[in-house]
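Same chain, two partners: subunit A is paired with subunit B first, then with subunit C.
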Partner chain A sequence: MIVNSLYFLETLLFITVIVLQLMNESRTSVMIYAAQSFIVSLMLIIFSFQENSSGLFISALAMLAVKVVIMPIFFFKLIDRQKLKFATTSYLSVPMTLIVIMLIVVLANSSVFRSLTSMPTEYSSAIPIALSGILASLFLTINKRGALSQIIGILTLENCIVSFASIIGLKQTLVLELGIIFDIFVWSVIATVFISMMYKHFGSLNITQITHLKD
Partner chain B sequence: MLLTFLLLVPILAAISVSFVKREQKIYIKHIMFAASALEIFFSASVISQTIASGIYSSTYYYVDSLSALLIFIITVGSFSAGIYSMGYLHEENKKDIVGFSRIKQFFILLNLFIFTMFFAVMVSNPALMWIAIEATTLSTAFLISFYNKPSAMEAAWKYLIINSVGLLLGFLGTLILLAVSSSHLEGTELIVSWKDLISIGAIQDPLAIKVAFIFIMVGFGTKTGLVPMHTWLPDAHSKAPVPLSALLSGVLLNVSFFAILRNKIVVDNMIGSDFSSGLLVLFGIVSIIIAAFIILVQVNYKRLLAYSSIEHMGIIALGFGFGGMGVLAGLLHMVFHSLAKSLLFLCSGNIFLKYSSTKISNVRGVLSALPFTGILFLFGVFAITGVPPFGLFFTEFYILSAGISSYPGIVALAMAGIIIVFVGFLRHATSMVFGEVPAGIKKGEFGFLTTAPLAVVAVILVGFGLFFPPFIVRLIESASKLFL
Partner chain C sequence: MNIALLIIQSLLIPAFSPLIVGVIRKIKAKFQNRQGASVFQPYRDLMKLFNKDEVISENASWIFRYTPYFLFALTVAISFGVPTISTDASLSYLGDFLVFVYLIAFGAFFLALSGLDTSSAFGGMGSSREMTVAALTEGGFIFSLFSVSLLTGKSDFPNMIGALSSMPVSDIIAPVLIAFIAFYIVLLAECARYPFDNPATHLELTMIHEAMILEYSGKRLALIEWAAANKLLIFISLAANIFFPWQVANTSEVVPVIVSLLLFAVKVFVLSASVAVLESTIAKLRFFRLPDLLMTSLVLGMISIVLTII
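Moving on to the complex of A and B:
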């Protein structure tokens, strides 16, 4: 039952990464990120009940508060303030993006990562999907032109790594879990401030138009 | 307890600076002097205790000779950059480039940056070390965009994004390493420390560890500035305020490399050193060659120094990749490079204050315009290019000697790269140092705080070349044994 639920949630997580690749609207992208963070929090809550770990439960709640509530509010405010309706165009076209994602899935299931996908854990069936999610979110960060979508790409990568760590059975202390969540939160705040500053300077968040370093 | 005090000093300094009001700005100097003095005192105590007792290990800290060596590098680098910052920003304040609130912001972030570096090299847990190194990115991003110019903003954004992606990959590698390791540690429920990881012997299935180390190498290698993940480095180092550039190049790169070394020790224990050494040699030689050619055609002296850092990180990587004597020389190289690069960046700060340009073609006659800085700049150039009797000559010689039998082709390429760098540096430096001072440039140095830190670093650099203090020798000997 739990194995199937986690497999389902991991698949949902991977789907959110694909949807983020195809989305061009900033507000929807943030909402998908919030949904994705909710999925990861839910995974941690399931693990916390299964292992009867209050520490894991607290860190899952902290993640829920920070990533599902606080950070999306931050991003929405930024979008409203800077009127960033569409800021997430991609370098590759939609068909090409899908082909790359397909290749990523093949790679994650190939012998290259066999050592990881065959790790002795109860949830080993979900490892290839988790790995595909990591690689696809890395591609998401590279493929997007907008500064906001780069931030969402990096946060997605972090979400995928957290889910991967849970699936391979890595247990951490509560302090450490909270430390990582705090670190990511501070990172998001700083990145958001940077976006505001960049918009003020360049009048755009399309990073292909920001070329002052070539002077 | 000493370690906690050492960590508290920069934190308390940052908090104290945040309370300073405009009319009390002299207090910033007092706080910085006091913080530097306390950091030197506590660092010296930690280093002497480490030498005496070998390893200091507790729930949160793990300090061995390698950490102690890094503590030494951080202390010297932050002392010189911290003191120099006061003089440098005072001059910029006089020119109305920065105001009081910016100066205050600079010192708060600088102290937080120093704290994160100390924390990274002391902490016992690999994931906590990752948090600390990620925190160095966060504390320095606003310092790189300090001047609030479009190019500085762009450099800071590039720095933030590239390093964050890189470090997340490093985090993934760390987690894989921990997951594989925890299955080999009996009775360990929670995440393990460096001490536990090192105690694991050879393991059956090396493939997962190899994948983990590749992620670690790419991740922390990004922060170290190894090619091809180096693209953020020249921009960030050239756009940041000079004292920060000195810290980024002279200290932070070593701290990031330390993260690779810590993991290398663990991985080598599990699967042997061939794999990690091969990767280090590969990244090392590519970094040397690419940096060498860019140095040859460089037009901006701050970028020149930044590319030189990439080259030197490559040389250090080669040393650890070659192993044996290369490890000992690599550790020494970290110390000498840190000193020489700090000296050069601080000199470049005075040059920038005088000429208001970072273009090599706009800088002529430094020896006449800034006699003291000019001499030290030449000193630094000779030191960094490995001219005897400077220490980097010997370390490069020993690193290349260590690899000559196993990797003759790589050694030949590295030698070619080092020669190209020498030619490039000499060409640029002579054109800057000699010649007529451009019209409108007033001759003379700026003041005590912009010259004294240079002199201190230069004295240590030359002094260490002639006579190496026994405590550093013991630290390096002991640290090199960790790689056997």
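Moving on to the complex of A and C:
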């Protein structure tokens, strides 16, 4: 039952990365990011019960508070303040984006990553899909034009790395886990402040329109 | 095979399809803060239409006259191959996924022809749009079912369900879940639901399905409406039982069949409610944005196949 629910959550995580690629609305993208963080937190909670680890449970709760509640609030405030309704257009068209994602899935399942995907863990069948999630979120960061969506891309990458590490059994001490979550929180606050400054200066967050960096 | 169960199972779809339409309308009404009509209103609408006289254009050929009968018969025939409550009581040759896809396409073809037949501007416009959407939907439609077929090594629905339910969940969850999303997009497109079409509109700028049947009235309109409801329930049944095949009975014994029937009702209600919620919360897409969504369905089907093969 636990194994099945972890496979289910890992698949859902991958699907949220695909949906983020297709979303154009900033607010919806933030909501999907919150849902994705909730999935990762849920995975950690399941792992914590399975391994009877209170440290992991605490870090999962901290993740839930920071990534599912606090950070989306920051992003929503930013969106409302700067009126960033549509700021997440991508370089590639939707069909091309989807074809690239499909190629990423093929790559993640190919012999290139065989050493990673054939690791002997309890959840070995979920490794290729977790790896596909990491590569697809890297692609999400590259493919999007808007600064906000690039930030969401990086945060998605971090979520996918956390889930991948959990699946292959890499868990850190509680202090380190909390430190990472704190780091991400501070980074997000700085990024939102930085975005506000960029918007004030250039009047846009579309990085293709920010052409006066020399000024 | 139990012939009595086969007949009961197959008649479930035409008997309950108007109810599903009523449930979806009721949920949508609640979202709009309206009381809404009774969930049985579609039955009353059908009764009213069956008792009405009809007007047929003098330019209409046999295609226009016979398409409603053909469409209704087609959806009833398809329901003989769709295992709703027991895999032991379905015709596997009618439930082959390729036969199913092309029977659905056959129905769409005749409906488009009937739209063109009376030479009305709206009918032609609707038919043109319907054929565009149908052509773009086919890839995702076939691939979503093909991935399940590859996974199970079977091509007919009853055996697919039987094989899938006996496989370990961890081995199938990723491809099946992704294929389900691809199929769900196809369901919305094929059944003319949001964001592809607005089933409640007669606005010439947006209508697809309604434009094709604009010239119909009386009994023939009733048959077309009933066939459309049947099609919706067929797709929902497949989404419920192919992608979530657990506890579908594989015998004709009473207890497993009743358990399967109850679970089937729950799954159908959840999926119908999801359609209603989706229709209440999203806007209809512009026609030129539809290929993107259908492409998403196609690529999700392909990703599912990749996950199945590798």
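Assume the second predicted complex is superposed on the first by the 212 of 215 C-alpha atoms of A that agree within 3 Å, B and C clash if a C-alpha of one lies under 4 Å from a C-alpha of the other, contacts with A are read in each partner's own complex, and residues count from 1 in each chain.
We take it that contacts are C-beta pairs under 8 Å (C-beta built on N, C-alpha and C of every residue); 3 or more make two chains touch, one makes a residue touch a chain.
Predicted model only: the values in this text are computed from it and were never measured.
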| item | value |
| --- | --- |
| Joint occupancy of subunit A by subunit B and subunit C, clash or fit | fit |
| Vertex subunit A; arms to subunit B and subunit C (CA centroids, nearest 10 degrees) | 160 |
| Which of subunit B and subunit C A:154 touches, first, second, both or neither | first |
| Touch count on subunit A, higher of subunit B and subunit C | B |
| First, second, both or neither for A:141, with subunit B first and subunit C second | first |
| Which of subunit B and subunit C A:125 touches, first, second, both or neither | second |
| Subunit B versus subunit C as contact partner of A:73, first or second or both or neither | neither |
| Touched partner set for A:116, first subunit B, second subunit C, both or neither | first |
| Contacts of A:2 with subunit B and subunit C, given as first, second, both or neither | neither |
| Partner chain(s) touched by A:191 [first = subunit B, second = subunit C, both, neither] | first |
| Shortest CA-CA distance in Å separating subunit B from subunit C in the superposed model | 20 |
| Touching residues on subunit A, where the partner in the complex is subunit C | 3-4, 7-8, 10-12, 14-15, 18, 22, 93-95, 98-99, 101-102, 105-106, 109-110, 123, 125-126, 128-129 |
| Residue ranges of subunit B touching subunit A (in the complex, touch as defined) | 125, 127-128, 131, 134-135, 138, 141-142, 145, 148-151, 153-158, 160-161, 164-165, 168-169, 171-172, 175-176, 178-180, 182-183, 189-191, 205, 207-208, 210-211, 235, 239 |
| Touch list for subunit C against partner subunit A, complex | 169-171, 173-174, 177-178, 181, 291-292, 295-296, 298-300, 302-303, 306-307, 310 |
| Partner subunit B, residues of subunit A touching it in the complex | 113-116, 119-120, 134, 138, 141, 147, 150, 154, 157-158, 161, 164-165, 168-173, 176, 179-180, 183, 186-187, 190-191, 194, 197-198, 201-202, 207, 210-213, 215 |
